[in-house]
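Letters A, B, C, D, E, F, G and H mark the chains as written, and numbering starts fresh at 1 in each.
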């Protein structure tokens, strides 16, 4: 006999996105993913959050100091999103405004990414799991010092029940069916996956010739 | 005291194979395995499915577009297999025809491989587990963007109860005993493991000389 | 329904630190982390233990022989800490004085690091878990022969309930809120994270100019 | 509250060693560990089995064919050990003589290593776990095609309850206390860990001079 | 005595840029550089060519077939550049129009990048060297199958006298002095080096506050 | 002033191919390239030699012993090629028959590949250079123990004037112009470059639809 | 006959050190060496320059902007060294004051390190070679974006006649004979090579016991 | 026209071996090669030197201090070889006794290995080249801190005319023809190349059965 597991599946009506401490200074600490790729992953996650109209919450730690300001592209993508500059709490979940903003969305599925993985992502992820939320960590939009740090953080979060995903998987699981909007999803992919854009360009050229 | 675990063991009378989206365009996205090796792994899985006469189901997503057609070798290996071109569902399990085809086989053990791992493999794997199937993911016949994506997908599937295997392990677990057919299994290995072929060639030459 | 997990969170009033066998001879066995980085990680852990005034226990194995003496910097950092040179026990937990020293702290959260990971860390970690302690392994201040050894040890400890962390995560989880002491934590980070020190230096120079 | 775990600890009076298919032909398939290192690890495991007088069982698959004979050093190390050349069973546990030999030892802790990991190690490991044995996989004395294969096999065995260890950890956990025999264990380490031998040589030279 | 070497230094009045076969199909062959990074490098080279107003020549091989069309961004960046679709010559230098276009620029320093390195870059590089041009290969805007291929191609070109550079070095050597245009070069860097953009953003925020 | 270098360019009327010691036993020594990929590279080189009708010479060392017989596919590809089983000379160039066979071809450009790189390739390459031949080493159809060995061998050969190429570059340099035979070269590439085959399959499907 | 080469050997009476652009902002661009290790290498080079009393020249580019100030430890190590903040020249050799300062030392051997390798190191290195200086690049105290950039820069400099060294080799070649000052050199090594410090600590402990 | 190069070929009547500073303490600094493999390579080089009866010279630096004594196996292999403990010279060539011992052999080909590569190998190699010797560096029996150090040292030595080889290539080039002694060379290989030993074992078993 097999004990069947519930498939904890992302649902665009149940999900909110938390972007934690993607700040220009802190990004210099990220060395487990190349900067070109990491920038692309973070912006892809932001674009999909906007595309699926997921409530998104931004938070930062000490923007005025060496940590630096929030990456401007994120600010620009979510001009109206709740933005919680934390006065000192390291675990964003210790900040009441942050948790209030999350609870105000009414969503039970939290998609989390941040810098650095073992702190800014893992701490709120573990807190959210403890309060009964479903947690989906976007591993490729979260960065940290090195592979030891990354794998330790992944292990801790996974053992606590968080699901490890990447931005592409999140987008696909939310979209469910290409027929919901072929062009929209295709554009999202083309903007963030050079190989996919190349496929589309090759295809279009041939299609044009018919 | 040790709580003993049931050994969920592949059985050739209980198993079916699902090949999801091995399409010529999508394959250009696979960068966590070298193309020579990946091609070999996928064809090895196909060959073993045919060798063990496992019911095999093929499915694709948008063959007419940039994703490209199913790899022709797979089509040729399974000319009579159910082939479900999905009109839009990203998770193949959301396609009724696909699930019907699976259930029509009457098998409870599903061997799954596809492109890309965290979507085309993970989504139906999680769905199948939720319906009580035993799921065996063929990790080396499934490809994706990079190692972060791969390990995140493996962790998610493993946590949900899927078993991670590779084509060689699948073949061995299905065959059980070399005496069932030494030549057949030997040929399968020789065709897909250059080192094994070399061993056989060296051996044959010496044997001939006796 | 999701079964919520308790967040086993480090608390500076509940935690003690165990440093096991960081000896000058044994360090030559550590080859899964570069020596510059490993030295830095171990000293960072020591500094944070002192900074948070965590009770810290030192132990060694055969300092008089080829294993060599305790790294002098550790001795210097904790001049008054219990120091248990074990007469022969490989698992430090088999040494009564060591366990007594731990129990004397009255702490239930044990932060463990040592050389080599699969023995000097894993053995007492598994023993402590079996006695109901919460165990936090500092993976980047623990070293061993190679990646196979490391990942095997991590898997064994994680499966038994240990949480894998790194020194930076430990410091952040203990500190909770920057406002508790901005300068103290900042100094700790600047002393052990060159990138962070650079951020602070750049920032200070600009601030001075205002 | 923390659910404490039993520490499944190797005990030299409870343990037996299974060496599966370390054959000269099959060894050419091992590419996840360098041959110099792998040879050393396998012989280290054999030496420790002999040193601790653990009942050891050898088995092979088709020595007469391309798989080649058992590595002669293993044969020489265990001249009187049960040796079960399997007539065809791929999973050694499917061979009655093999299981009988194991049960004849009366041991409940099985230390397993073999080639290739996902088949010759994983299959009997899973079978043994299903029958209530405690299983300790010696990961660095087990080899396979590549890292994908290795990590898939590790995940499957770990999920089923096997403990991943390496030969050094096994030796240390069995020995418990250096005082049981300093010279014996020291010799074992010196013979298989060049860095350790160097430490001992440096130390001896200095000691001589006193 | 030391034989001094002439410093073959890029000069914006002496240099032309050759972009060879950056086509959407061929790009799927590039596996020695990650696609995000490679795309960025190619576009950075294009941007610097435009920024320094270097004569730039585009060429492709069989755009109508599987090789696919020129990457559209390149076409867009150089709407008026000579564009030579080769009817069949593999070495672009075998195409008279291509060489004529080069000679028409009157430049003796050729900056070359393309796909794949050992063919589309190396062949014209070797031909150009044989005719007395100074050749500067932009290694990070040239891609190929794997590291063996890359290093073989680099060795062959370097032995023949080509200089290996990267887009950043090319930009710096051409610009000579920041005072020629701080903002222009800064923008080029910020657009293609995420770390540099972060430095600038952090700096600007602080500067604003003064 | 730049000293222009002659472009030593492969010419199908000037070139011969030497395949040295690709034997089934020796192949188990090759660990710097994955076996799937290495097999493909060697067969690709053989196929291109046949395609361009280059005189090809095969040689082996002790086929009757542990080194094993020549890989059967090579034998089958060149049924009529001179085949020189050397009675003992390690450097094939020390074998008079081998050198005679080469000189009988009248070619001055030698394309060499073999196992292992630093011996079976490097020794005849250095001998040939000393006699005034142009030598082109096919690095990816030559294998050896590890990267240290490989790079040492490459350095030695390159310093002596050999040119390092790969099979793809050799094919392209020999072919010169696709118009000489689009289908032939395309087939060669499709048979040995999975990514290229995928491009062709995608393209064909679309072309068919027109 | 062998053409003997002059051994261009570092001589402490002939050598000067150039440290180019080790600035806190630019250091965030260095990703080919881990930050802990890189910091250690740069400080080791500084310490050896001071130890051997080599004339040392510091230069920076735009300390007031995002590049950030010179690393404070370097400033502190060389309080009286010529310090040339360049107003804009990218190649430090284009700055007259810098070249004057070098020529004022009267040394013909230049030891150069900087950030980033392909620009701040390679440009002045090539300029110095062109003027007849002997150039010794300290590769491990010079950092850049990635390995492609590094190896391209190394190849360019090596081809032009620069010698690639590391800080340890520089120290050893300058010192010539331990007897010149055992303690001084030993301290330098102990401060920057953790493994060496461990050897010394182990040794001292044993020596003390005699 | 091609300028032919002389093949500087090792000749057992012209060659001597220099083993520099393979001391037990210094070996803990070697981190660019795994210790199991490195030990094997050094002993293989020693064995081949004895096998070919090459005059061999041993030297060490400060055996009484932390550097530790010469590896005992080397001492045992060459009981009667000149052994020069240097009183302080870092470059062994600066020691008159060492150079005298070399010149006393009357050989012009020097095979050099040592620890660490960029100092103990590179310095005497460069000195020997300057005096007109032919120098063959055994790269895999020489070790150092990391890959940056290694490649810098290789580049410096290669540029000065040293030839980079590995112990296997050295043995093969010296032996010339298997017929000189099949068993002797076969034993050397079997003792140091596990894969080769396996081939021989498989072969012997089959041969026995005839």
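The definition used in the following text is that a contact is a pair of C-beta atoms (placed from the backbone, for glycine too) under 8 Å apart; a residue touches a chain by one contact, two chains touch by 3 or more.
All values reported here derive from a predicted model rather than from experimental measurement.
Here the repeat of A-B among A-G, D-F or E-F is E-F, since over half of its contact pairs match by residue number. Interface comparison, A-G versus A-C: the pair with the greater number of contacting C-beta pairs is A-C. A straight line joining the Cα centres of chain C and chain E is 48 Å long.
With centres taken as mean Cα positions, chain H sits 34 Å from chain D. In chain C, the residues touching two or more other chains are 25, 28, 34-35, 68, 146, 193, 195, 198-199, 202-203, 209.
Per the touch definition, chain H reaches chain B in the complex via residues 202-203, 206-207, 209-210.
Chain C makes touch with chain D in their complex at residues 8, 25, 28-29, 61-62, 65-68, 87-91, 94, 116, 118-119, 122-123, 126-127, 129-134, 145-146, 148-149, 151-153, 155-156, 159-161.
Residue ranges on chain A touching chain G, taken from their complex, read 28, 31, 34-35, 146.
Within the complex formed with chain E, the residues of chain F that make contact are 2-7, 9, 33, 139-140, 154, 158, 163-166, 168-169, 172-173, 175-180, 182, 193, 195-196, 198-200, 202-203.
Those residues of chain B lying in contact with chain F across their complex are 24-25, 27-28, 34-40, 63-64, 68-69, 71-72, 193-195, 197-199, 201-202, 205, 209.
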